[in-house]
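Common to both upcoming complexes is subunit A, partnered first by subunit B, then by subunit C.
Entry: the complex of A and B
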């Protein structure tokens, strides 16, 4: 089972992740924005980061770039709302492993987690 | 010719089997296309068929490239291009295309066979490639405007040529094409496409793609379903494929190593031919496909058997230690459970061995088409009951006989259109291949509405050749027809010409009887003939009667036991110096195995204790003397190996419950032996 850092400013989304991933036996740690994500990454050394693109304080793209600077092997899957294609392209160019488009089905998340932690 | 890719036996097998399936499927559609001529493509499912054809060629091409078989790849590539043009409407379907494609498919089949049999590989014939390419170019002229703004196929091909002729390649570098299909439901397909291109670039020194990377990054490409990349790379194709498979939203990835790379690099591949040598001696490449649910059941059953075996051995240990009352009962219970599991296991395995006869029948329409062309005869060929399932080993047994019979039906069975017309028959003859299952057997029939076998001519020839004795002068038509299955007959070309049958039929009968099946023929003068092959439902076990003869146990399949009699009740008489039994208003010959196998001890008769087993063969009954009847048993059939696999009267062996080996007797074979002994006596 994997340790997963979920980064999203909406608590509802984080709770959903925790329920879904926790239910599959994964360990879930949380961060509410990019800044917090960097701290949690240092502290927890997760196997995978699931991160939203649009967040206050530090957005997902910036956090992604910073994470990749610190750890070039960091596995990061970005989530985005619909209509953010340009941002997603940016994220992929910056080294995101994969992306998911909200709203998503639980299976989509679980598949992505399996794929990138397996 | 083989690339530097290490293949496991499974991979090789899978490649061959899949390619064969695809070739069969393609051929079926092509024959349909040929028959429909210019009309093909008008029906609703024709588009799907064209797509299937294209996919078949595409897959063979891709797989061949992965395996490193550049000849197959090259042939499939041209065929794929052809189908692509047909689908795009740039080349019209019709007899010419169908003919070229059928020839190409034949070539592919031969190449695959060569590969499967580990024969040296040959290049596809140059003239065929040339003809196909010429046809493709002609198609191009018709619609030049097809290419749009994006990199067109021509431009891509130019790039390919440019790359492959450049000199600064590293030793291990090759030209690789990557074809990716994106899933219908992929989110943001343009981003997925970008990911694919990035993954390719990571694995390549130089890469080009369609659509182009900068177009994707700038958001200039909206809906994209396919990505094609061209790489100069030293990466393993599997590695590239794996990298792309990691990307979400991909439905298919084909990674192809192109053979058109610089000469210096090509030498590398030739040196690697040594890889081939390692595969030698792997034996048969046959395989079957198994439903996952069947495998699951087998897994469970084998688990159950292991559990019960363990339980049994622990019970045995306990039994040694203590003399408990309940132990025996528990052991009995365990044995029963194991018996159940074993039976289920056996059933599932038998089921796994079943294949639809279509797998065999599929090859015949093509053969008949060729025969139609070469013989100049007019006939319809219909196939029925191809869905009937049959054990795969039986399928192998009847393949050649059916080929012989169908060929003979065309060559000799049916008349010329003129002769038919003057006899008042439909000038177009009918040849029918059909199969069905009944309670205890699978029946495969080949019938034609030709002239039938000329019984009088047959009788004359049989007499002239001395194939039958004087006694047989009064032979019935039925028995006479049966002569066509005897070895002496099939060597006679003269008879074959007149009667039209007999080529290899003796071998056919021997092979079919060796699996406890039988073959017979019926004929109606002026109206046609029918061959009938009947085969057992399973080949793994046979319900049998165990008997003792000369101190040995023999197995007689119950299907051929008509009755058992005590010898002192049986009224054995002598006729013509030979023992016969008056049995149900007729006389049947009586024999002892000693008559055929002098090594078998003929026990002295003791107080009338001997028994007589009345055997029922297809063509009649006969009585076999045995010392004792030992009871009935489900016997597992173990085929006999060379050189003892060809003994008339003995079909196989089995392992008895006590571990001894016993031979399984074959009534039909014994009957034929009896006949031939009678004939030679005369």
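Entry: the complex of A and C
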């Protein structure tokens, strides 16, 4: 089982991730914005990060770039309600392993977690 | 402010898709009307700003009971109070609807960015940025009516 850092400014999304991933036996830690994600990554050393793009304080793309600067092996899957192609390209260019567009089915998340932590 | 009617269709389509995806319920669209008012008409309003090739704002209005019923479906458990978690859920739904709609707008050649959602509580609350014409589309769901308010125009108009 993996330790997963979920990063989303929406409390509801974090709760949904916690229920879904916790129910599968994964350990879930949370952050509400990109800046908090950097701190939590250092503290918790997660196996995978699931991170939203549009967030206050520090958005997901900036946090992705900073995490990859600190740990070039960091495994990060981005998610966003904005499914525009340019956001996907930007995230992949910045080192994201995968990109999930909301609204997502639970199976999509579980498959991504299995794929990137297996 | 001139409003472009074509801009409302992506939001209607996206709302139907997201509500069906989140709750399993089908929605029925009502007729589009034009309003000019600076006040909210529902107890709970999710507001999102739009910038880029299309600019303005989009609002989603719910009665509190409707919002709670929808959130209950999204959470998979009863939501007796419209608390911070419920607020977060209904805001996220507005965010996802608007994100999907923006993809459709982009396909039509209008690139746009969406600001994070804001939840306004109370009917009749005055919002200065609401003080312009908006197109309103009621959507009937098994949980009650959702009102989609679209006040968008092409940049430069």
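Keep this in mind: the second predicted complex is superposed on the first by the 116 of 118 C-alpha atoms of A that agree within 3 Å, B and C clash if a C-alpha of one lies under 4 Å from a C-alpha of the other, contacts with A are read in each partner's own complex, and residues count from 1 in each chain.
To be clear about the criterion, a contact is a pair of C-beta atoms (placed from the backbone, for glycine too) under 8 Å apart; a residue touches a chain by one contact, two chains touch by 3 or more.
Note that the structure is a prediction, hence the values are computed from the model and not measured.
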{"item": "Fit or clash - subunit C, subunit B, common subunit A", "value": "fit"}
{"item": "Partner chain(s) touched by A:36 [first = subunit B, second = subunit C, both, neither]", "value": "neither"}
{"item": "First, second, both or neither for A:98, with subunit B first and subunit C second", "value": "first"}
{"item": "Partner chain in contact with A:54 - subunit B first, subunit C second, else both or neither", "value": "second"}
{"item": "Most subunit A residues touched (candidates subunit B, subunit C)", "value": "C"}
{"item": "Closest Cα approach, subunit C to subunit B, once both complexes are overlaid on chain A (Å)", "value": "9"}
{"item": "Subunit B and subunit C contact sites that coincide on subunit A, given as residue numbers", "value": "86"}
{"item": "List of subunit A residues in touch with subunit C within their complex", "value": "9-13, 15-16, 54-56, 80-84, 86, 102-103"}
{"item": "Contact set on subunit C toward subunit A in their complex", "value": "18, 21-22, 71, 74-75, 84-86, 88-89, 91-92, 95-96, 98-100, 102-103, 106, 111, 114, 116"}
{"item": "Partner subunit B, residues of subunit A touching it in the complex", "value": "85-86, 88-89, 92-93, 98-101, 111-112, 115"}
{"item": "Interface residues, subunit B side, partner subunit A - complex", "value": "187-188, 190-191, 194-195, 198, 216-217, 219, 246-248"}
